[in-house]
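Next come the structures, one after another.
In the two complexes below, chain A is the common chain; its partner is chain B in one and chain C in the other.
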Partner chain A sequence: MWIRLRRPLKKVYNCFKPLKYGFIGHKWLCTSPCVAECVPALPTASRLTVEQAVKLWTGHFQQRGVSEPHLSSQYIIAHLLGAKTLEGIGQDRLAEFLTQEQTEQTWELCSRRLTRMPVQYVIEEWDFRDLTLKMRPPVFIPRPETEELVGLVLTDLQMKQGTGLSEETSFRCLEVGCGSGAISLSLLKSLPQLRAIALDKNKDAVDLTRENSHSLGFQDRLEVHHMDVMRDADIIVSMCSPVSVLVSNPPYLFSEDMISLEPEILRFEDHAALDGGKDGMQVMRHILTLAPKLLSNHGRVYLEVDPRHPQLIQQWVEESVEELDYLHTHRDITDRSGVNQTAICLLNNYIFKTFDQEMYSY
Partner chain B sequence: MSSRLFVNLIFQVTGKVTWGTSGRPPLFTVPPVSLAHVQTAGKKDYIDLPVLNEDELDEQFVRGSGPGGQATNKTSNCVVLRHIPTGIVVKCHQTRSVETNRKRARQIMREKLEVTYKGEASDILKNKKESIQRKQDKRKRANENLEKKRLFKEALMTDFKPGDDRG
Partner chain C sequence: MAFTQAVKMHVGNVCGRSWMSSYQRGSTVMSQRQRDYGAVLCGRCQNSSQKLCPNSRAMHATRPLMITKLLSVDEIFARRSLQDYIKKMETEYRDSLTVVNMTEGQQDGVEELRVKRTRVSVLAPLIQYTRELQTKQQEFAETETLLKDDDPDMRDLAVLEREACQKAIQDVRQKILSLLIPEEESDMSDLVLEVTAGVGGQEAMLFTAEVFDMYQSFAAHQGWGFDILEYMKSEIGGLRHASASVSGPKSYKRMKFEAGVHRVQRVPKTEKQGRMHTSTMTVAVLPQPTEITFTINAKDLRIETKRASGAGGQHVNTTDSAVRIVHLPTGNLSQYNSARIRQWSMKLLFLYRFDLKPMAFYLCFGVIGVVSECQQERSQLKNKEKAMKVLRAKLYSMRLEEETSKRYTARKVQIGTKGRSEKIRTYNFPQDRITDHRILKTVHDVREFLVGEELLEEMNLALEEFSNQEILMDILGENNSDQ
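Take a look at the complex of A and B:
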């Protein structure tokens, strides 16, 4: 799964002293000896305060062209000190000296970041809404925009709960492409009556989702299956239906855009979790085709997509999937320009045999 | 893909997401009926905090330019919230979740607004003062006890009768 660095970093970055003999523990960097030689030397004489360490590594990251140098430094060092962010560390603690062990750990983790490994993989965890989840390459790291997707699903499901329509059998949701389990586990946390099924075609993702589920105590309410929505459609339908909600953050990038992704993503994350084919809609179409067979009446599909997709999806669904009704596009609120962001598509499922006039207003 | 700038840009958004708002006029009336309650640390009673009107809030996310969603892995999720009528600004980067930071920013904003609107009568300020006062009293009592013990010990060491030790 790992992509080795083919071009020795030494050729590019030559401003650091060679490693001192006593440098400890570089299992990750052993795969790329050139990097190990370029790591900034561990301070042996003087000790650093928390603040100084953050500043020092911000500088190192900047020099090496590592993105988000200050934030990376902050997150890693805060994590070592048991906090989530630097803001969570009191002012007094910032002026305290790091112990020898903490210094060594700082060097080890920050050195990993030098290889452009995402911070989430470096510290092996990240937060999603009110959960802390384990992270492990190459399983896709949950994006902040997806927190909004979960918020939307929750709003709808909570409304449904209120109207008493959540019978035992149908208060279930299915997630396609669960990755680390962020979406499903978030929903389970907020809705105690919900049961969820999560699928992923990548075995590492399945394992990680199960691990996170166990850590959070949700293993009795979450089934995780190693399945491919494109190949195992029939099995999925027979195993999972009916569900009230089908949710997914499917790979939706356009194949031609894959090449210009930042190194953090290209080198470390599973490409299959990102590449949606020529028009970015390959996996989506499979999900939408399957949706009517999976969903109960008035069941809904929630998809996170590229901003260029909603109209295309609407057209395609009108032509190809009778039972699905395109409901709404929600633009993520963090960028008003409408250019660089995601969109969330909601579709409603109608089973024509039991069609009735009732509709949820959105 | 759009060309990427190497400068951090701040995207400005006027919050339109409903956050349990009640559409009240800017100056809240005391005490509104449906105020949510917040318990402060160590206090048994509840404090009435003002409800926020999302239309009065200006929210910024320090995000940087470039594509969003799957195409990027930015870890910046700091939220900057500004209350337009009063100009109060709250910056929150307490957690690694942008949703949680947004909620906390609003919570802090509500506390700040409570102090601003109520001034001296602010429950939050009162609680703070009481907490400081309690700590001072505790320290004073602890010191007095130490002093008593010290004098008692001294009395035992010398030939003075016990009980004759108050200074």
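Take a look at the complex of A and C:
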């Protein structure tokens, strides 16, 4: 049961438990689930300039304990005025007054943010690498770490293109769990000869990916299918193989970590896109089992995983999937302590030419 | 009109302004003519003649003139040093050519042969033009005889031919001069433009914003790309620090003359009593190197994002995509002992607390290393790319400054190469003039200048001409010292 933005605000909040713990020391401390009364009133007498509106809403967000208050109000108001960030709006525009319509829109969008809806869902778009994609709850919002995953895939594919290996496999890639289509569409944008197939078990994600691919003009190079990698394995193999690259940002959170997620994620994003089972590897295992049947020889699997996974993956692959060879873990360089990094695992696929051949050593 | 205006302005500077530095009193805005008169009028005397009044000051330049005047093409060609230099080039060309022709087919001394060949190809156009000049001059001499002809039609024809010859000679001379000036490696690159508010508080920041807008419209006027990488505003609409990437043909070549300290004299908006203030702002122009000319090792960089500590990936949803990149080797931590490091960190804390981040970063410059940060875009990758651009430009310009300071210490006026502490231009609003101190050129109409189109272009071209002449004199001067 997910939020539909078209319903009026009051009905929406009936789905949730009382939100009073979310409001810290606010003078309109409410005890009922109906949050609509707690939204700050629209200014009727005076008009606000853009800068004043940003400051006002930053204050409101801070009071309610909304995360990243200044950035939230900046992005929402900049979006309303047609720019991506507040810096994109000229100095003179910042001192101008908002029209009545703009003020009303500001209030509506910022009120949504007050319910801890992520900014990306409030403005219904976000940037990923050099693309701007539509966002809609509950489809998973692409994270900045995934931009690095795409960068790695691109580097490898561009090298492959150079050596001419691409011709045999007709240069295709498969994405499992496409969400908004971020990974596939970025790859398509940077590699004009690539053809991509994207799968997701959530119908909303499939629709959103199709919508994004149409608005970016990649609909003839991207196939999107509503399939579950755990249940529809055979159909996937018959339809999609062979591909040279299998890439995925699978749900990799440990089930025990799900409870401690912030409200932005818990209340609005699809839990099935996050929960990876007890050890976080449930979906990953299915993908890796399927990989040898999908990939061509020397094809590669790229997975974004939790920092605790690379060792486990390496062990599991050695035991259970003979054809796959663990290659390398690329760690996100921004965290110096090394504890909380996301990791990107690369695995290489070797196909046996005949069954008589010796096994490859790891 | 210009003379009395200039004199009144100088008087305004001198009488009752004891706090102004000797630099300002001495060498501003006097053209040759006024210096020759050697006297200034006190504003109180209505005297417009050059009589000295008791309160006036003798108007001698307090320091030697940096550059005299722009020589014309003919004057340069009249100089002996140029003729000698051209002769030297010709002999070099002949020698190299004979060497190349003789050793054709031989394998010995391949390196030397290659050097000679490149010399030949470099000098060939110059020699060709000098020969063309000689032929034109011969033609010109021949027309003289025609002038003394009896036939009036022939005389008219001769006059026309003379004019055509003159023009051709001028063109060829211009071409020769431009060939003599060597091409700098960095002239072809794009640049990163950085503006920082200097002395003067809020007024300086307001002025910085105006100058940044001026450069933005100048770039548009020239057809260059102008991509803002960083923009740190102040409370009342001014600008503390901003940087932009400017790309286009000859962009660095033109913009390098804008580097230095710009000074403004006006009554600020923030001023209640209507007094005139002087504020400054600094412009830095950093050439942007290509990947080949300048590479940075990824291990030398520390890239910081908001998620420096704490979980990431699917655990967190954030819209903070700011990126900061620190270049580690450029900091020399070892030369400081622990007490000084403690001092530094207290200073930095103080500055951070009072939101003077740009100052903090400049202090960090020597301790931590070169830092660049960017939060202009929503995508983290794009912010990282922009921050890398700025970092590369900063490091490259540091390297260039080292190299050029070694090479060009002999030059008196180093237009565009002196670094960021040179006071280059004054914008005086009450007197409606802008003066460039390096070439002592004055342009009027400050409002029009700040629009960033024709007037700025005019100033820029003048600077370029002076710089070219200076380089040329330098080359010829070196030539003379060899002999």
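Rule of thumb we're sticking to: the second predicted complex is superposed on the first by the 318 of 362 C-alpha atoms of A that agree within 3 Å, B and C clash if a C-alpha of one lies under 4 Å from a C-alpha of the other, contacts with A are read in each partner's own complex, and residues count from 1 in each chain.
By our rule, a residue touches a chain if its C-beta (ideal position, glycine included) is under 8 Å from a C-beta of that chain, and two chains touch if they have at least 3 such contacts.
The model shown is predicted, which means the values in this text are computed figures rather than measured ones.
Chemist: Both complexes share chain A, so when I overlay them there, do chain B and chain C fit or clash?
Modeler: Chain B and chain C clash in the superposed model.
Chemist: Is A:Asp200 contacted by the first partner chain B, the second partner chain C, both or neither?
Modeler: neither
Chemist: Where does A:Ala95 make contact in the superposed view: on chain B (first), on chain C (second), on both, or on neither?
Modeler: A:Ala95: touches chain C, not chain B.
Chemist: Taking the superposition as given, does A:Glu108 touch the first partner, chain B, the second, chain C, both, or neither?
Modeler: After superposing on A, A:Glu108 lies clear of both chain B and chain C.
Chemist: Could you say whether A:Asp228 touches chain B, chain C, both of them, or neither, answering first, second, both or neither?
Modeler: Once the two structures are laid over each other on A, A:Asp228 reaches no partner at all.
Chemist: Report for A:Asp127: first if it touches chain B alone, second if chain C alone, otherwise both or neither.
Modeler: After superposing on A, A:Asp127 lies in contact with both chain B and chain C.
Chemist: According to the stated criteria, A:Glu175 is in contact with first (chain B), second (chain C), both, or neither; which is it?
Modeler: neither
Chemist: Of the residues on chain A, which ones does chain B touch that chain C also touches?
Modeler: 68, 71-72, 75, 84-85, 87, 118-120, 126-130, 141, 143-145, 147-148, 151, 249, 251-253, 257, 261-262, 264-265, 269, 273-274, 304, 306, 332-337, 340-342
Chemist: Taking the complex as given, what residues does chain A use to touch chain C?
Modeler: 68, 71-72, 75, 84-85, 87, 91, 94-95, 118-120, 126-130, 141, 143-145, 147-148, 151, 249, 251-253, 257, 261-262, 264-265, 269, 273-274, 304, 306, 332-337, 340-342
Chemist: Touching chain A in the complex: which residues of chain B?
Modeler: Of all residues in chain B, those touching chain A are 1-2, 11-13, 15-17, 61, 63, 65-77, 92-100.
Chemist: Spell out the residues on chain A that touch chain B in their complex, using ranges where they run on.
Modeler: Result: residues 68, 71-72, 75, 84-88, 118-120, 126-130, 140-141, 143-145, 147-148, 151, 249, 251-253, 257, 260-262, 264-265, 269, 273-274, 304, 306, 332-337, 339-342 of chain A touch chain B.
Chemist: Per the contact definition, I'd like the list of chain C residues that touch chain A in the complex.
Modeler: Counting only chain C, the residues touching chain A are 209, 228, 231, 233, 237, 302-305, 307-321, 376-382.
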